[in-house]
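In the two assemblies presented below, chain A is common to both, partnered first by chain B and then by chain C.
== the complex of A and B ==
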């Protein structure tokens, strides 16, 4: 088991290193931060001074080695635009993002999983069809369109909710709804499919034939088996908690990590971009690891297989 | 129809129609407080006039936070007017003496004196170890300071300061309320430089008490009618009334600028009553907003012209006749009428009327003459090779639409111009075989052509520095404009520069004057300035 964990951790490190390298190369080769940050009317001598101060006049490979060496020293760099440590800037924004993505995740789970299970258990009924039509709409509609429609209805026309910003709890309602709708739709469809597949298995018929009440069959046999693919999707949703609200944060002027990422990429503020990518990659890798461990808990075959294999 | 964010907004506002009336959440117990939605608060994440050199910075700085010795009349046509100095006079060609306004209080309660003015133009705050070009003629007024840790100036600050004041040798204190600016060379533009962006006065004590440059730059202590209460970069800026403001009690208790990057969100917030002003409104949305009873869009032309810039080193553009053909192929008025709803204008070349006697009133942009353009193309022996046009995605208002119109106009006279989309300015300016045509805009920070045609297209300007264009005669004329005190000779030199840069050996061609639009409820009485700056001083806000 330890070997398994170490292997996964090593792979995670390689993944993160590749992400960081890719981002460095793409951002460095696609524009000089000095010109981007100081703007098109900046005097040439100001641009030259900026480039020298931030080491941008060095060859790209020297900048890359310096950057990587700093990461190993635990130094994620200074924001060229802000003059402060990149990690401080990112950490300041995380609470705002989690204030949206965590309630949105709860909403996705609270709506998506029960709707999917119920639709599967009542396949072909009006409820099933309604849930699936809603799910298709929820999944297909771009988040910025849904966001604007919600704003036009609830903020502009009815005046019930604010249209943007992060001043009160009311400001979070529309962005959370926007984020939650798409994820709930995906979860509903996924859960329904998984449940339908499980409900058609012989062991479900066997359990029913043994005389078990239908509710017990669903609770004891269908739900645990259908949970595995659903947990995979939930793992992805958890992994995207940090940077999964880029568009919604922009539309609702929500000062979270997503907006910081957009601004940092646009300005080629490499230290900030890298810091966010490291964080996102680490979150995604961690959530995937947890999902792997949950597989074992949910499916004894996997658990015993892993033990036998070890 | 494609459902873009803007189209979605249009559909929504049309559906809501005149049902939407202004819903005010303005606290009016004392004086009102307002919220203004802007696309960007600052680019540099600071409130330092020398670091934030941008239009968005101008909006929040002037009329609210920063003030210079000589101001621009934001309620007129930006003519120079006394601000922190009440009067000024020339001592000689190199020296201007100014009488400071007495009783001006900084945001920290200190009175502004000559010491603060001298400190504002000091090495510690402005110039660091940069030198005036001709400093050997005059001794320096102070030693180069060793800044405290954290108080070092960002490298671009001295560079910008020295660009604004290339030959300033020192500022002398005559008495508590009198200062003299001494230049190393004769310069007729000293008064102009005093009103330019970046020459604004700050409190010496405010600087010294700040723990670091960044701390100061996020809460500068100045003299404007509003002081910084809270600044969260990329998110919001809260200004509160400076009740001891020398010009009278400010009409607003507080002003909150919030960053709302999406135009649809800014408009929605305005219509729902969360914002009292929504800035950076594209011209094609003006009709939709004004279709709602109770709202209007204000604003108009600003001190900034949109240009198309040429790289004369490109194989197809080396022949000036091709560049001339491009200038004559453009129907500028049609661009103004169709893309700007007629709410801007085609200016008289790269100049502004506030140049005063330097303004060339009878100068015009090249006439729209497709026949002439076609004959120039033919004379040049152009074979239809591609002329690349590097384009940013709507950095400027209407940029993409204008580019598409230009390409069609050039095509109509036989020029094969093809758009290459780029992501940022570095890619636009990168030297190479595909650099030929690009967009730009030029401002005039003060009322003299030195601030624009010389600063942008002269030997030290960006266009020549990145190797796009040069002209020996133009460079000699720049020297005349920068150093001569003979005004008729300067005006003549400027005229010749326009002929070279816009007609004979085009470096650029002016398309139209830029404009900025701000939406607000009709029952707020406020007058937009002919600039990005938003004036909320005494007398310019009422409900």
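== the complex of A and C ==
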């Protein structure tokens, strides 16, 4: 078990290092920062002074190590747009994003998991079929189309809800609904197939055959085993709490991290983009790591030294 | 293959067996995909107007009101039907290009990992981990922020989407195939590794790869339309389905049809490809998740 945790930790750190390397390489490939910041008409001695001040005259590997060190100090550069540290700009947007993505995650879990379990237990019924149809549509309808159709119905035609902004709790309803509906459908479909797979296993038949009531078989044998793959997907959903609302925030003019990212990309505000990139990767890797640890708790086979997925 | 069926009549029963098994919605899906491909191929012949032509006398005309503009016009009097046809062509071109790039890239890396094992394999698996750690939309947005935007870059970028799935599949299948008799036999006969992989292993795992392509393709359409919707994908004056929705969003209160026409095409196309893909998966390879 300790070996398992250490391996996972090591892989997570390698992944983060790869993301930082990616950001560094892309940043350097995109042009000379001195020229980008000072402009192409800057006098050569100003450019040389700038390079010296920021360590750009050093060999690339020294710059690379400096870059790593700066990131570990929490120094992620200055926004070119308004001159404030990029990390502050990003951090102050996080509550707004979480105000959408956390309720949406609750909605996904509350609708998706029970619907998937119920559909699997009643395979072939009308309910099962409607869950599957809902899941196919949930996948095929992109979030911006769903968002705009909801705006068209509830804001433009009926006039019940506001179409954008973040002033009252009513403003959050349409974005949360947009985020939650598609995710719930995907989660339901995934839970259903995980559950069906488990229900087909011999140990379920054994448990039934030895006379356990069906409810006890489902509670004691089917649900815990189906939880293992489902937790992976939930981990992914938790990991995308920060990055998952880019499109929806843009449609509803919601001042969150996603909206900031789109504006920063359009303005080529590289420090902010890079800061969000690292933050998202860190969230994703952390939640994957937690999922891996949860596996250890959920799946006794892992505690006894077997490898995941074997 | 033809030598096994010496009579011309032999393939016919196979087709007869296949058709009744195809549910009506899969047939509809295939019909829709076929129509979209035809529209994309013939777009220059069938657009009634140039997609940039403005007709200022007919601005914001609703759909089904005049015969000249059956799907209506936008704020600048541009014909929505013509723009839709060109958008279908651009979006399909990007999606096809990206799906093929990603399949070739992923399969190649998977084969390399299976052939060399050791360090190469670890490197490929690490890259796959990296890809999984970053939501693709965020990755794509950062690359676009750093490098600016152009159509080839956009196709190349979309071509990075989903490669890790092909790589995992190709690696796993190639490892198990090289343990099987046919690959060993052809290696013993002195065939080069490229020949073993491309002529012998690839045809054997092609059906699984094709099914994966049908799963990735609609996701690429959704990604491209999402990026273009945000104004960061295909750039005007060029148009794509997502672009049209993004533009039509400005007129949602007065002229919702500008946004509804491309939205319908996006939804129907992804729906059709996923239905056909799911059906193909059940037919060809039920083991794929």
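Simple rule for what comes next: the second predicted complex is superposed on the first by the 240 of 310 C-alpha atoms of A that agree within 3 Å, B and C clash if a C-alpha of one lies under 4 Å from a C-alpha of the other, contacts with A are read in each partner's own complex, and residues count from 1 in each chain.
Here is the rule we go by: contacts are C-beta pairs under 8 Å (C-beta built on N, C-alpha and C of every residue); 3 or more make two chains touch, one makes a residue touch a chain.
The structure presented is a predicted model; accordingly, all values stated were derived computationally and were not measured.
Q: Of the two partner chains, chain B (first) and chain C (second), which one does A:268 touch, if any: first, second, both, or neither?
A: both
Q: Have a look at where A:259 lands relative to chain B and chain C in the superposition and call it first, second, both or neither.
A: First partner only, chain B.
Q: Using the touch definition from the top, say if A:240 reaches chain B (first), chain C (second), both or neither.
A: In the superposition, A:240 touches chain C alone.
Q: Going by the contact rule set out at the top, does A:156 touch chain B (first), chain C (second), both, or neither?
A: both
Q: Determine, under the contact definition given at the top, whether A:107 touches first (chain B), second (chain C), both, or neither.
A: Touch status of A:107: no partner.
Q: Should A:165 be classified as contacting the first partner (chain B), the second (chain C), both, or neither?
A: In the superposition, A:165 contacts chain B only.
Q: In the overlaid three-chain picture, which partner chain does A:289 touch, first (chain B) or second (chain C), both, or neither?
A: neither
Q: Where does A:26 make contact in the superposed view: on chain B (first), on chain C (second), on both, or on neither?
A: second
Q: Figure out whether A:196 sits in contact with chain B (first) or chain C (second), or with both, or with neither.
A: In the superposed model, A:196 contacts neither chain B nor chain C.
Q: Show which residues of chain A both chain B and chain C reach, each in its own complex.
A: On chain A, the overlap between the chain B and chain C contacts is residues 30, 144-145, 148-149, 151-152, 156, 250-251, 262, 266, 268.
Q: Can you name the residues of chain A that touch chain C in the complex?
A: Result: residues 11, 14-16, 18-19, 22-23, 26-27, 29-30, 136-137, 139-145, 148-149, 151-152, 156, 193, 240, 243-244, 246-247, 250-251, 261-262, 264-266, 268-270, 273-274, 276-277, 280-281, 284-285, 288 of chain A touch chain C.
Q: Using the touch definition from the top, list the residues of chain C that touch chain A in their complex.
A: 126-127, 129-130, 132-135, 137-139, 141-148, 218, 222, 225-226, 229-232, 242, 245-246, 249, 252-253, 256, 259, 263, 266-267, 270-271, 274-275, 278, 289
Q: Touching residues of chain B toward chain A in the complex: what are they?
A: Touching chain A: residues 3, 5, 8-9, 12-13, 15-16, 19-20, 23, 37, 43-45, 53-54, 154-156, 158-160, 162-163, 213-214, 232-235, 258-262, 264-265, 268-269, 271-274, 395, 423-429, 440-443, 455-456, 460-462, 465-466 of chain B.
Q: Sort out for me which residues of chain A touch chain B in the complex.
A: Residues 30-50, 52-53, 81-84, 144-145, 148-149, 151-152, 155-157, 159, 162-165, 250-253, 255, 259-260, 262-263, 266-268.
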